[in-house]
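I have placed the structure first, in the form of structure tokens, so that the comments after it can refer back to it.
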Amino acid sequence: MTIEASSTTTVSRRLRLGMVGGGRGAFIGAVHRIAARLDDRYELVAGALSSDPERARASAADLHIAPDRAYSDFKAMAKAEAARPDGIDVVAIVTPNHMHAPIATAFLNAGIHVICDKPMTRTVAEAEALATLVADTGLIFVLTHNYSGYPMIRQARSMVAAGELGPIRLVQVEYPQDWLTVAAETMGSKQAEWRTDPARSGLAGSVGDIGSHAMQLAEYVSGLQCEALMADLTTFVPGRRLDDNAGMLLRFAGGARGMLWCSQVAPGNANALRLRIYGERAGLEWAQETPNELALSPFGEPTRTITRSGPGANAVAAHASRIPGGHPEGYLEAFAQIYADAAELILARLERRSPDPAALVVPTVGDGVRGVRFINAAVASSQANAAWTRIADV
Amino acid sequence: MTIEASSTTTVSRRLRLGMVGGGRGAFIGAVHRIAARLDDRYELVAGALSSDPERARASAADLHIAPDRAYSDFKAMAKAEAARPDGIDVVAIVTPNHMHAPIATAFLNAGIHVICDKPMTRTVAEAEALATLVADTGLIFVLTHNYSGYPMIRQARSMVAAGELGPIRLVQVEYPQDWLTVAAETMGSKQAEWRTDPARSGLAGSVGDIGSHAMQLAEYVSGLQCEALMADLTTFVPGRRLDDNAGMLLRFAGGARGMLWCSQVAPGNANALRLRIYGERAGLEWAQETPNELALSPFGEPTRTITRSGPGANAVAAHASRIPGGHPEGYLEAFAQIYADAAELILARLERRSPDPAALVVPTVGDGVRGVRFINAAVASSQANAAWTRIADV
Amino acid sequence: MTIEASSTTTVSRRLRLGMVGGGRGAFIGAVHRIAARLDDRYELVAGALSSDPERARASAADLHIAPDRAYSDFKAMAKAEAARPDGIDVVAIVTPNHMHAPIATAFLNAGIHVICDKPMTRTVAEAEALATLVADTGLIFVLTHNYSGYPMIRQARSMVAAGELGPIRLVQVEYPQDWLTVAAETMGSKQAEWRTDPARSGLAGSVGDIGSHAMQLAEYVSGLQCEALMADLTTFVPGRRLDDNAGMLLRFAGGARGMLWCSQVAPGNANALRLRIYGERAGLEWAQETPNELALSPFGEPTRTITRSGPGANAVAAHASRIPGGHPEGYLEAFAQIYADAAELILARLERRSPDPAALVVPTVGDGVRGVRFINAAVASSQANAAWTRIADV
Amino acid sequence: MTIEASSTTTVSRRLRLGMVGGGRGAFIGAVHRIAARLDDRYELVAGALSSDPERARASAADLHIAPDRAYSDFKAMAKAEAARPDGIDVVAIVTPNHMHAPIATAFLNAGIHVICDKPMTRTVAEAEALATLVADTGLIFVLTHNYSGYPMIRQARSMVAAGELGPIRLVQVEYPQDWLTVAAETMGSKQAEWRTDPARSGLAGSVGDIGSHAMQLAEYVSGLQCEALMADLTTFVPGRRLDDNAGMLLRFAGGARGMLWCSQVAPGNANALRLRIYGERAGLEWAQETPNELALSPFGEPTRTITRSGPGANAVAAHASRIPGGHPEGYLEAFAQIYADAAELILARLERRSPDPAALVVPTVGDGVRGVRFINAAVASSQANAAWTRIADV
């Protein structure tokens, strides 16, 4: 039980949060706001929630944002907030993918920390430019690869790092969904519209939307970088402009092999992200839809089910947990953990101290660059009839 | 996806929340605060977080409560807050059980709405007095039987009410835990100390702490009242002063039968609350540790797994959901639903309008009276060697 | 892998098996025959498969039984087979319950070993008379409480006996089915007809048919005798003459408590027999529909899933297994284990040697007596409004 | 309940079965014998159980085979049995892979039907020669791809064929094991020795042993032929001479895509064969370790769990089932189904009638040819750095 434990230290106020995107009708913006509220480290005080002024104003009012801090232009927001004595400490970027880079650039240039949704940018060039800017400004940049906020994922990562599995041989990851089994983008689903639109999503469909989560999680937990892949991307739904399914063979640094499957046309799967890692001495299995459990199978011994805040849970998991075992935490809590860790990194900066090491595992701009490279490599491989493609080469 | 949907209506401000109990080191107070924050309907502005003045002050500071609203005496708090123009709208009572009645009484008498943890009181007399006071004042009184905030529980309840199971024959409910398998109360666990102490917990141990949840859930979903029970309460751990296990046979109005098992000495069970209801035409099964699923078994057809926000989820479930299916919600979201529904009831009162009917299903003082009667009946039955005891007779 | 291991020892021929009951259209007789064949210890050479001569003859022909050994009168069969030099070694009794006692008596008196289905008899007097006869004749009498043939049940029993759970506190057992949710006995189901007919089934319906299995398994694994029970038997389906649901509170020798639920009106349950046992140091859980797994939960440690022939399986489980782990064995193999153990006991007698101790755990006439007492006690308790009833007193 | 139903028709005797291979200490031979016994269609009367005369003799005695029909030379056996008036009807070949072709050839040439273990041969040339011989002789040849004997697999196949899933888009299959995580072949495991020995196993290790099962099942259920694959075979255990892990991307006739993973180095997996098929209208999922369940997910509807002999099970499943739902059948019963269907095909030939159409789905020599082609294509692809390889081209 670590409820609000660290809130008892030196935090004298909540961080002031701004948001770009996430107005009425949006999905992920609301998730970010719940995540920011959940552990009480932020208060939302400003927003450019829509580029439509009327919609921006109404959305801000819904969220108790003062009218003078309801913007419709993110550049104006960056400038005005940077100039206020009570200006925002950090901005959350929750727009469609193609806007991430210009918005992040504007706020970083204004000296404001950034929490950004993924995939980070559309192109590798944009991603690298952003990484350079983050390095130059020295600001905190957190990427909401939210699945890395799950306590059992944190524990799995620490167990692999500690060598409990022995040298890793295999990394099997999959993320099937079913919501695009039919042409939802022609049936009024705004989510489906922009996610299947190359102008807003980028080069890839399922690979960018969920394959990138799968790859990030695989690397995050295994501690290994994927060096090369063969990817077979398919668009099953007639008229769709981006892939809705992909199979990949993976080769990791050090010789480990793996497979990645992502799909949005697999009926019966909602968000069935699942990771399995096998080493010379043990295997691990985790599934996002039952996230409070982690199966550990030491070779030759019975499988153990480690539960969040239950027997076998370690300190790394405890850092990312709020309540006792048997009371399930879920997606929002994992998302909140990314925000909690971002808060710790930003506060440590404000307070000129070293951050809690447990917060340092949060995904950042480097993960963003890798994610964009991965998407590009997958698309390039598929265009070459699934030829081996080195991620470093795209 | 109902994210913040209803926050876009007429709510012009967050409700002002006070809290009694829940200072540093407490468990359930922190849960209540997360629940209150999650859907953004409340701001915590006052508290008597501890009866120890120093602890009360420090706890309030942790939570960004202004010093002049950090009380150590709940009576003083009720009086002062009632007198302020910006006084609290509602108080959350999160103390050990024996203090619920006097605190609730003080705030109701001050004209302040109440959200109270369970079991509501120690004695039936206290419970009935409180029910009378609630009726007399006309104030909102919500009891945090939090499991009734789970979307799939709400759906189960609505399906039973709509007759989808046919007339109900059987109600099987169980709530095993394992944390009191050993004498944790002698090993420094504050939670174990007060929960096994008759002075603070009341007549019963496991029956009051978790059996009462099980019974409430059984009645809540089945729509049936338990009329009589046979209860065999046992204390397995030497030196313990209250029961740590109980088995019961149940008879419901209308002829349905059932069984209830609660235990705190069943190794391998964390919070394994599980409800099964069988009618003439179908059965339902739900388990708290995998709360996003509801199994429906129409007689003669394959079992269907209904998922929160997935296929088969109904409007009642949608009301209590925040995010799409496959992204698990958990305990905190269910707890938050109780708070969200309480907010709707209070706001409707403030705005002189009818509340959203979906919020009316929240447990209230009547459930509290039944809960205390149930505990008393179970103890009385057990003292009579598990003789049939009518709940109305205690 | 223990495949046919012990068939390589001194067995020079298969045992000669006769069968009473189990003609065309019967259910359990065919199961017994598969069970007898599976491990190749028996050949079926004689039968009184029906009391109708024509049906008996045709049924025998189906099963390659020689015409001169196809009887329709079990008394004639016992007499004739006892007189043949190649007469049967053992008879399997698979008739409806009311015929078990006279048939077993006839064959025991003819000097022939007996394998008998359960419940053993209708009355306690019959059961005790049979026990006396078995003792007097010194013959082998095996009762097919087939669930005790599952390898993981054998392992659970051995773990409890070895003290791995510590002193036992709780025994929770349930056996819900759904096939009698409607009045199947009026819709042409022969199985439903005799199982709901007091003349053929005895005093009880669900309690005799499946409750008796549940109780036997609870005692078999826990090693504890149930001393007293409170039973609430109900008949939900109008017109039905025997109970179709029962809830019970149990008290075991030594102070352990328990609960038993059996039902034939719980939609969604086929044969959902499930046993949970909790001691001071660990808990065990097993479910018949996934019989190859046994969950062990040492207090304070993660739950381990022990699998048949997999890591953690012990020698007792290996004795009852045929194939490697991950290749599921099921109901027929468990039933076959009872036959395999019976064969070992009979062969040891024929070969004048001590039997393999691993075979000695097979249920016998004593279990049969306890089973009949249990049924009688449950009925008596229910008739006394679920009053505490001592099993020894009926 | 189909117990022995068809045994009541015109079958006047059991088929006479011979066996080659499967002497003392062997594994799969014993499985074949149980499978042959289980449904009572065969009696084992002859065998060349070992090429070592003494071992052959002793093994035959264990199995009650008459001394004059205990051979050590399969050619002598084929000749002698063909000459006997009571000679075997059919031979079961259960030797290591490299001997399948010559033995099958000898018995087919002697006019004796064949039941053969898989993979059928080591080379494509051998496989095609055998197919030609089967065609020329007109004899029955059944390949024991035993997983295709599972009732829920049969049902899945029939549902796909009936169009219940719509056109198929995706076929995902995997078969992980863990028993070769360490170098078991150097630790005295005879199973590991021959299965990792190219001379006895053929070109491939895990791909031949279990990958071939996975591919057969994928094609069997989907009704689609895999046209091309990319395969990345790896040997993780130092010193091992064949692959112990493989990942593959698959392209099926008609445009469906798929993935195949087989591994013998994945700790925590015993025989975790799992098949998922997705069409335009629904998805199906089945796992070998819980074989009595089949999950059907129509797009937009809750997932249904169809159970063997339970609600939703169809006639095709009933044909392959023995006992009521909720009483699990397993690996041995599925294997027995292959034998039962083979018996029907052979008997129909003997009785000059058409066989039961339900038996015609049993795998035969054509599946064997495809299986050998698959293995060869996978090895060829991997040797070409996982290049696309057409199965028809090897």
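Going in written order, the chains are labelled A, B, C and D, and every chain counts its residues from 1.
Methods note: a contact is a pair of C-beta atoms (placed from the backbone, for glycine too) under 8 Å apart; a residue touches a chain by one contact, two chains touch by 3 or more.
Just so it is clear, the structure is predicted and the values come from calculations on it, not from any experiment.
Between the contact lists of chain B and chain C, the overlap consists of A, D.
When the interfaces A-D and B-D are ranked by C-beta pairs in contact, the top one is A-D.
Rounded to whole angstrom, the centroid-to-centroid distance between chain C and chain D, based on C-alpha atoms, equals 34 Å. Centroid to centroid, with C-alpha atoms defining each point, chain A and chain D lie 44 Å apart. Chain B and chain D, compared by their mean Cα positions, are separated by 55 Å. Listed for chain C are residues 269, 303, 307, 310, each touching two or more other chains. Across the complex, chain D is touched by residues 296, 300-307, 310-312 of chain B.
Interface residues of chain B facing chain C in the complex, by the touch rule stated above, are 169-170, 172, 178, 181-182, 230, 232, 234, 236, 245, 247-251, 257-259, 261, 263, 265-269, 276, 278-283, 285, 295, 297-299, 303, 385-386, 388. Chain contact summary for the complex, chain B toward chain A: residues 1, 3-4, 7-8, 13-14, 24, 27, 30-31, 33-34, 37-40, 62-64, 177, 269-272, 288-292, 307, 310, 322-333.
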